[in-house]
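The same subunit A turns up in both complexes below, where it pairs with subunit B and then with subunit C.
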Partner chain A sequence: MHISEIILSPLLALIVGVFFLGLSRKIMARIHWRYGPPITQPVIDIIRMFSQKSVSHGNLFNFGIIFSIAGSIAVVLFIPFGRIHPLSNSGGLLVILYIMLLAPLGIALSSGEAANPNSSIGISRKLLLTLGYEFSLLLILLALMTHYRTISITEIVALQQKGSWSLFRLPLVLPGIAYILILPAILGVRPFEISKAPQEISSGPMVEYGGTYLALAKIEHAFAIVIGISLFVNLFLGGANNLAFFFLKVLLVFILGIFINAVFPRLRTEQAIKYLFGIPAFLAFLGLVITVLI
Partner chain B sequence: MSLALILIVAFSGAIITYLAGKVSSKLRKTIAVVFSLALIPMIALLFGKNIETPLFEFLGLRLILRINNLAWIFAIAISILSSLSVIFSLIYMKGKEKVDFYYFMMLFINAAMIGIVFSGDLVSFFIFWEMMSWATFLLISYKRGPALAAGIKYIIMSIFGSMAMLIGILFILNTQGTLIISQLAGNINLSLYNTIFIMILFSVAFGVKNAILPFHAWLPPAHSEAPSPFSAILSGILIKMGTYGFILLLYVIVGVQKLLSLPGFTIVINILATVTIIFPTFVALIQEDAKKLLAWSTVAQAGYIILGIAFGTSLSVTGGIFHFINHATFKALLFLAIGAVEYRTNGVRDLNSLGGLIKQMPITFVAALIGACGLIGVPLTNGFVSKWFIYKSLILNKSPFLAFFALFGTWGTILYSFKLIHNIFLGQTPEKFKSIGRAPFSMQLPMIILSLAVIIFGIFPGLPLKAINSIVVSFGLESLNINLWGLASSTGALNTINIFTAISAGILLVWLLSKLGSKAKSVNQDDTYAAGTSVPQDRYHYTVEFYKPLYRVIRPYLKDIVDIFYTLLADWIKKISSKLRKIYNGYVGNYVMYIILFLAILIFVQLKWSLW
Partner chain C sequence: MDRNKLIKWIKTPAKMGNKYSLHAVYFCTGCGIIEIPPTITTRWDAERFGVTPAATPRQANLFLITGYVSLKTLKSIIRTYEQMPEPKYTVGFGSCPINGGMYWDSYNTIKHLDKYIPVDGWIAGCMPRPEAIFIAVTHLWKMIDNDMADGYKKYRNNYDQYRANQEKVLGSLDWPPLFK
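What follows is the complex of A and B.
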């Protein structure tokens, strides 16, 4: 645990996340046969939004969004990026799983203080979606922890470095596939964009944010993307020995996600739940059974 | 400090409060608070002591009082929670009827619970247990009407449990010749089947009190009908007497060695505990009444406690006992917060008719939020640490399926906790609640103390964990490497202080960052964006069917078969009784006729066959 790592790791996550936001707009545009904005557009947006006017609905409205990013920063400190893992000895996967709650919780509370029904609807959908994918995600993580006999994420990465990636280990193949199937839901991209649904509920929880708040929300989104994918890369794609290689893997997974986002329409909430409790849940469950039996 | 003195103070406090109520209400309040507060230092002084004092002989059996670390932890939790609840009651009960009776029962139940944990033999245990059960019945049905029905449901199940326990106690007395717990401890000399027999008998008694499925049916109506400060006690500590009983049974009377040699029993309890986690969690999700939601949540959390205790590793038992303390803090906090809302809104508990109270009752909101975070197990609250202990132990001991249901239950908990917070405190405020005031100070104080406890135990879990570790070691389980900040271990450590530092540094950093932006204009709660039009006030609070898509999926599975069975049983007994009423119809003449007929038959039989 070095001070430099503690500063470096959230900074890296932020830079990579914001870069991804720009990249995703560019790739989406190309798929749509447009030219698209410059890749630095999100940076320009965030700086611009900081100088724009905004309204506040109260103290919880201000604090919730700050708390949300603080939660994301804390998660980043627990997730190994290559060899950088400043706090991963202070708690394992279970802690990560729980700290990942703080970011959505902060946004939910913050947007809840404004009496806008759109944000309530968005939060309700977000929580439902979370319940849906957590069902499979928990089974997957338990299969991993049972297989490697540890709850520490650095241990799991180290064991993969010695042998093969979890995705290619016999009992963990099915959980790996299930993870890939729920990854779009974890990242909240289409077809699982139900909690934001701009055309339907005016971006859900984001509806009341403007100016500084919207900039902060965007930063939070950048963090969320990096966290969601890094966890998958660490757990199933073997992590990495160095930063460059690690973020290359993250990038590849992200581009895959953008492709899915570009071609699918949005599901309705009950369709999303039905999907999440269907094949992915079944595969994850089967995977855990096989892991226990072997 | 002698144990008998504490019990005398506790019981006489109840009686003196009752008598004082006949003089003046001010005197009654003062005495109730003074007596309940006085117990805290008296019990606190006993920390770390191991005393066993004989009291007197009763029916040839020696009654014994004793204290050890286990009893101390329960006793201190009882005394603190009951005094907070009495302080909360001061204004809550103002102007209600039979207030003398209420305070008397409140203090009497607390005294009886202290008696239970101080008992050194099973006879006094049973006596105090019954005192508590009956007093609880009277207080549950305090409001009459549906409360009386809830009370009767409770007392019937409770009697059933007590009878099972009584049989168990008699069985032990007959086979072992003693009922003194310290003499029984570990040297119980029974065959395998007999051991399982008494364990089942006691488990029924403790399972009813602890509301494990299938004995949970009494809890939801009882918790929601009782007065809110008493719901806090009921949920926070009274049902934990069942937990205490389980610990006593599994780890003191039977002992770890013997317990491990009968794995079948613990497996059954573990499975029952996970069912107790999952099913009530999703039932809580569809509740529309704030207290009913919390009541079902209590059933589910009791499942975590029992799972931890019955799983039988030192990690899980530590987690289970710690979760008992934590549940006592955050669930009492939530009940008190709901009680405060109920007080200010004249008894509204319906989650669909409240909303937006954060502006009116900010402190109550923060308290409820902290309570909900503890319930979920958000890091930096105490609920996180205890659940972490239980999960870790389940995962590392190859029970991933138990761990899965426990973890998935937590995600259900997130959904209903957020529904509770959102529907009461966030969103639009109904017009009629726009001008209600904050909760009075005597209601805020207990909530503030409990909130602090939730957070302090979450950041410095080592404080209670060290004491719990000594209990676990006394059971013969291995000692854990406990620090102030959690646990040091090679298979995954926990350091809450680092988490705390990381999050608070993050908050500071982002707060400074947000200061860079232009200053926001403060606007009204209702001044919202609606694409050019305005959201009509007082009408669009999104609460009814908050998780509608999920409800459609889960509702068919949420039939409480057990409760339906009990209701059928009750109906059937009612029918049989009404048939019996035709024979026992209350006319003395008929009874005389029955007697004469019976004698006639006897005489006829004797004359005909001369049997005698």
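What follows is the complex of A and C.
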């Protein structure tokens, strides 16, 4: 661990996340047969939002959004990006599983203070969705930890570098497929866009955010994308030895996610929960049983 | 369009950000709603210029009033306008908000929108084509560049007058004054 890595890692995640936000808007536009905004549009948006006067709704409103960004940065520090892994030697998967909840919790605290009915609906949907995928995610991570007999994420990456990717190892195929099936829910893209739903509940938890708060929420969203995908890349696609190769893998998975986002309509809340507790949970459970028996 | 000029971005970041990231609240009161979907979707693609619909007034900085304004919707328009964070720009779309249009002698529509909220620009026509929205946006860019789109400052400075006008047509308003 080097002290510069602690600064470098979140900075890298932020740059890549904001780039991804721009890329997703461009690709979505091309799928719609539009020209689309420039790829720097999220940066322009964030500059505009920071320049606007913002309305606060109380101390918890201010605190929650900062808490959420701090939680995201803490998770980023525990996830290795190629060879950059500031804190990932300590704690491992259990800590990631624990502090991954801080970011949605911060948003929930913050927008709950705004007392807007739309944001309350958005929060309850977001937490329900989190409950839906956390169950499968926990089973998947248990299968991984049982198979590799370690909780360290760097060791899992190193073991995959020696052999094959976890996605192609026999007992881990089923959890891998389950992870792919719940990945859109983790990223919050279209079939599982139930907590945001701009046409339905006016962007849910973000409904009262304006100016600086919206910019911070956008930055948190950029972090969340990078966290969700890089965890998958590290655990199932073998991670990488260098930075460029790692982010190339992340980019490929993200583009796949955009395609899913472009072609699917939004599910209703109960449909999403039914789906998440159906096939992915069953596959993850079966995978865990097979892993334990082998 | 000077979106790619880096020196201008460094000199006046707030102005440039506001120019090229216009998140719009479409207040679709009348027939103007028909012109909005082709503008923001595939045919004319307003997102090229950074103009996208915003889900709530808090996230927006452009307020587009598309059509006649009845007394009932005027109340919502004032509340929406006051909720938007500054700087904010208003554009009246079609002839009805300008002077009443075909509703000029109606008993329940207002004739001049700019008596009640400040309006930075008008798009005349009944109805204007979607291209007119883009012309309006380029005019708005010029106005922002020259500090002429200062409706929100006018609202702040002459709030008593605007409030008096609002109370004249709506009776007593059920929210406290925005500025003291």
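The rule is simple: the second predicted complex is superposed on the first by the 294 of 294 C-alpha atoms of A that agree within 3 Å, B and C clash if a C-alpha of one lies under 4 Å from a C-alpha of the other, contacts with A are read in each partner's own complex, and residues count from 1 in each chain.
The working rule: a contact is a pair of C-beta atoms (placed from the backbone, for glycine too) under 8 Å apart; a residue touches a chain by one contact, two chains touch by 3 or more.
It should be emphasised that the depicted structure is a prediction, and the values quoted were computed from it without experimental measurement.
Once the two complexes are overlaid on the shared chain, A:S120 sits against subunit B while remaining clear of subunit C.
Look at A:G58: by the touch rule set out above, it reaches subunit B but stays clear of subunit C. In the superposed pair of complexes, A:W33 makes contact with subunit C only, with no contact to subunit B. By the touch criterion stated above, A:A215 is placed in contact with subunit B alone, subunit C being left untouched.
In the superposed pair of complexes, A:R25 makes contact with subunit C only, with no contact to subunit B. A simple residue count on subunit A separates subunit B from subunit C, and the partner touching more is B.
Once the two complexes are laid over each other on the shared chain, residue contacts for A:Q41 go to subunit C alone; subunit B is not touched. After overlaying the two complexes on the shared chain, residue contacts for A:S202 are found with subunit B and with subunit C alike.
In the three-chain superposition model, subunit A touches both subunit B and subunit C at residues 49-55, 202, 207-208, 211. For subunit A in complex with subunit C, the residues that touch the partner chain are 25, 29, 32-38, 41, 44-45, 47-55, 198-199, 202-203, 206-211, 214. Residues of subunit B that touch subunit A in their complex: 356, 358-359, 369, 376-379, 384, 388, 391-392, 395-396, 398, 400-401, 403-404, 407-408, 411-412, 414-415, 418, 421-422, 425-429, 486, 491-495, 498-499, 502-507, 509-511, 513-514, 516-518, 520-531, 535, 537, 540-543, 546-547, 549-550, 552-553.
By the touch criterion stated above, subunit C contacts subunit A in their complex at residues 3, 13-14, 16-18, 20-21, 23, 41-42, 45, 47-48, 50, 52, 55-56, 58-59, 61, 83-87.
Those residues of subunit A that touch subunit B in the complex are listed here as 10, 49-58, 60, 62, 65-67, 69-74, 77, 87, 89-95, 97-99, 101-102, 105, 108-109, 112-118, 120-121, 123-124, 127-128, 130-131, 134-135, 138-139, 142-143, 145-146, 149-152, 155, 202, 207-208, 211-213, 215-216, 268-270, 273-274, 277, 288, 291-292.
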